[in-house]
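Take a look at these structures.
Next, two complexes with chain A in common: one pairs it with chain B, the other with chain C.
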Partner chain A sequence: MRIRGLLSLVIATIMISAYVLVVRQNQPTAASAAGRSADWAPSRTPDGQPDIQGIWTNYTNTPFEVFDEKDNPALYSGDPDGTGRGTGPGFLNDSLGRNLTKGRSLVVDPPSGRVPIMPWAEEKRNYRLAHIQDDWVNFTPWERCITRGVPGGIFPTGYGSGYQILQGPGYVAIVYEMIHEARIIPVDGRTHVGSGIRLWNGDSRGRWEGNTLVVDITNYNAKGNLATNAASQRVRSVPQSEDLHVVERFTRVDEHTINYDAVIEDPKVFTAPWKVAMNLNLEQEYKLFEYACHEGNHAVPNTLSAGRTKDRAAARAGSQ
Partner chain B sequence: MQTRVVLAAVVILILAAAIPVVAHHAFASEFDGSKPVTLKGTVTKMEWINPHAWLHMEVKGPDGKAIQWMIEGGAPNALLRRGWNKNSIAPGTQITVQGFRAKDGSNRANGREATLANGQKLFLGSPGTGAPADGRDPSEKK
Partner chain C sequence: MNWLKGAAIVVVSGILALAISQMMRQPVEGQVPGMKPPRMADGKPNLNGIWQAMGTAHWDLQDHNARSGPVLELGAIAAVPAGLSVVEGNEIPYQPWAAAKKKENYENWLTRDPEVKCYLPGIPRATYMPYPFQIVQTHNNDILMAYEYASASRIIKMGKTEPPPVDTWMGQSAGRWDGDTLVVDTIGFNDQTWFDRAGNFHSDALHVIERFTPKTPDLVDYEVTIEDPKVFTRPWKIQMPLYRRQGQNAQLLEFKCVEFVEELMYGHLRKKTGDDKPFAAARMRWP
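Showing the complex of A and B:
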């Protein structure tokens, strides 16, 4: 019996190792981009759109911003007590089993690699992050399982950074693995919805400029956060106003790569427009698992409960 | 025996293909890194729920009375990529869990590692949450 079990274990090990090897060999690498041809052009969908369909990932070791010594990584990563047990300045990555590159920063404009956040917005972020145990309004919409936002939903994080792009006549749809969001982008020339309609993820309208999908996003509500995950560092939990305007560009530059960038302007939050850029890598064998985020979100009540416990302890200490 | 082999395969898969994950909420807002806890008992339920899985277990107190504990694990899709599934730990399994207690003093903990009766170990935490580095997380930077 023991020998049979051992034999099964060896077989299982060989099968799993072979599977891991195949998966790892299929990881996109910088070499795939090297095979790019200047005259390469994407095939067309039946309705004539450049075909950008597939399953794409954007795991990376590149930090969101260029680090500055005045930054407070423990705060940005959610360490309200300042115990030093936050996630630290390192970019959280999915590096094991992946051949990831590390560039200077995902923020490419301004050239400093720093997002020009207004002081009031930084103060609001600092307050929210330091008082997350006080009130649910201080949580990011991601922690509340509402949304990671647009464009924030495509900012890479350590897991669940998979995206499926589908195209039908007049539409491009993106399914985001992280908290299972779906986004439908009309590309049929229709105008934005009326200014009275305000949405967490704004109103997306796409058009094709050559082989580039250009998406214009307006009509945001003022409830969301531009970025929600700790890997977005200083931009995490920064508020957004109704004046937020985003222009995204998706260009498939070869079979395996989409160049993605987004220009973000919000005159109430940033002193100037800024641009974030990254590659989406084709990874057809990657499985997008459902992430039904709200079904058991104990994190919010547990965090608030921890805050109440701290308050009671402080009150007892004060009355003695 | 078959169960043991499957569990052993799960452990190997974890070691071979461990993918570090990042929880979407911070460890420090819920759990106390200065309060490690080791719980030995019986699994009563594995909740395969999002955003984080929860393992329920019964632990006998010093007076022999059963106490219910809830242990937070990683996100189901991250655990799935590590080789876990909802049947990996069946109710009735004897288990030892090491983790960190909830800050509100309730019988909840952030799980780091589970050890089965035969000594096999399963990593169930969410690296990158800010939980103290303790060598159990295969993605921890050395």
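Showing the complex of A and C:
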């Protein structure tokens, strides 16, 4: 009896441990659904930073903006004359069985879910998208293989959405799979570069507010685009000015989730600041591939070449 | 007062023991006494920082004399400075066909060098191009090397890695520590990159083994063994110092050179509007 009693005690202990283990393992998932876990805190790097390292992805079915019936998705995705040469409306599919969120819009502020773009900037976008056969400057910098921008580089798209975060003493680095860009953010309190320095991706300065990495970005050039990919719809190809100012926030709320948001203000392009929010999901088994974009860029020369062929045909028709 | 005496003896002998053990520690070969490289919390040498090669290896790995540049109008500005070889023994052991191709590459530099088109530089060329690169070394894990040139980057996976699934411009790098040396083993290259502006090249069988050995806080010895049985008759080595970029505010800026080569690559396809500014009219002549 004694041995049996002991045995049942051992079995009961194992069962309880297993139950506790399972429940505890499931907790982060439950917590991430709620957005935040009260009793979870990230571990720290040796220099005291909350540890947000890992390989993250942000595939989603949530549209960038709330749709309006006056929108022209074919135009935004680069197919203004309906010839099918565009990149498609750009809503995201995923064949890998990820449980993709499908919310109202990634734009969470203003409450309408619509980006307050000034009319001149929409006109500029429309001109560019309709004239990509004239000049490479009318393409987005992504298609030119220069950059998807900051914060545009982390806006969800249909492929290549891997982001590896690494932390060294005084630095957070984000490696973007697209355009193989490594964005190295100092978190050592240094000030921005001088106003004469102008950058496609701006100048990033980070600081930790509790467990939140806050990144302040200024010093943009006026050549970039706020968003480059078709999934960003109406905001794709909208210009950025030198006055663009972005504040990003990264908060790891559980082992598997970073809450990300960015407040974007550019008084020359938008009538009010706006905010985009999404999750980054830990996906350690995801492999970032080399995105050697420029090296294999046939889209730009082929598109321009088609334009010149059309010009020659028009000239021939005119001279007959 | 006896307890005080005793305590003093313990403290002094403790300090002495520490000092002696410090003195007894074998200095790493080639390190300058009193200039020990910093260490990470995990005990590994701390390579974090912005580094750059000095010299002219990016022009030509081998001994080379000063020569005129490719653009007549730029005169002395674009002329090539002389430099001593960074190749061990100065000879690159090309197979005969490959020696002929190297010569042809040199003679057709402007049309063949992938750097002219802002293409990804490959390894080891990325290290000694005339641009800084930054190392972000994590605690006990992956190491990022980010290059200012063309926003090139690579993540060095520490420990075992799977075979590369495809060939790439920058290859697939696996790292390990050999004492105080970071050893990076890179395979999975395509055959598109060069080693310098003198036409030195390789095939997709390239295997690069780099050794980064810190000598002082601001100096790393960089040694590379290059193997490629399709192109060379034996492995060969290059070696050069890498220097830390000084300055509290040192940071990588952007050299997104795609926009500097679009006119060169696509200019003939752009719609002419009549008010086009003439692109640099300079005449090219090389070599």
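By our rule, the second predicted complex is superposed on the first by the 271 of 320 C-alpha atoms of A that agree within 3 Å, B and C clash if a C-alpha of one lies under 4 Å from a C-alpha of the other, contacts with A are read in each partner's own complex, and residues count from 1 in each chain.
Here, contacts are C-beta pairs under 8 Å (C-beta built on N, C-alpha and C of every residue); 3 or more make two chains touch, one makes a residue touch a chain.
The shown structure was predicted, so the numbers you read here are calculated from the model rather than taken from an experiment.
A count of residues in chain A touched by chain B and by chain C gives the higher number to B. Legend: residue contacts after superposition of the two complexes on their common chain; A:Ile132 is shown touching chain B, with no touch to chain C.
Judged by the touch definition given at the top, the superposed model places A:Ala230 against chain B, while chain C stays out of reach. Of the two partner chains placed by superposition, only chain B is touched by A:Tyr159; chain C is not.
Of the two partner chains placed around the shared chain by superposition, neither chain B nor chain C is touched by A:Pro267. In the superposition on chain A, A:Gly103 makes contact with neither chain B nor chain C. Of the two partner chains, chain B is the only one touched by A:Glu177; chain C is not.
Of the two partner chains placed by superposition, chain B and chain C are both touched by A:Glu295. In the superposition on chain A, contact of A:Arg308 is made with both chain B and chain C. When the two structures are aligned on the shared chain, A:Gly168 is found in touch with chain C, with no touch to chain B.
Once the two complexes are overlaid on chain A, the chain A residues touched by chain B in the first and by chain C in the second are 133, 145, 179, 289-290, 292, 294-295, 305, 308. Residue ranges on chain A touching chain B, taken from their complex, read 1, 4-5, 8-9, 12-13, 16-17, 20, 23, 77-81, 83, 85-88, 90, 92-97, 132-133, 139, 142-143, 145, 157-160, 177-179, 228-231, 289-299, 302-303, 305-306, 308-310. Touching chain A in their complex are the following residues of chain B: 1-2, 4-5, 8-9, 12-13, 16-22, 24-30, 33-34, 47, 49-52, 54, 70, 72, 75-78, 80-81, 102-106, 108, 128-132, 138-139, 141.
Of all residues in chain C, only 40-42, 46, 48, 117-120, 134-139, 141-142, 144, 146, 150-153, 155, 165-166, 168-170, 192, 248-249, 251-254, 256, 258-259, 262, 265-266, 269-271 touch chain A in the complex they form. Remark: chain A residues 45-47, 53, 133-136, 144-147, 164, 166-171, 173, 175, 179-182, 184, 186, 190, 193, 197, 199-201, 223, 287-290, 292, 294-295, 300-301, 304-305, 307-308, 311 touch chain C in the complex.
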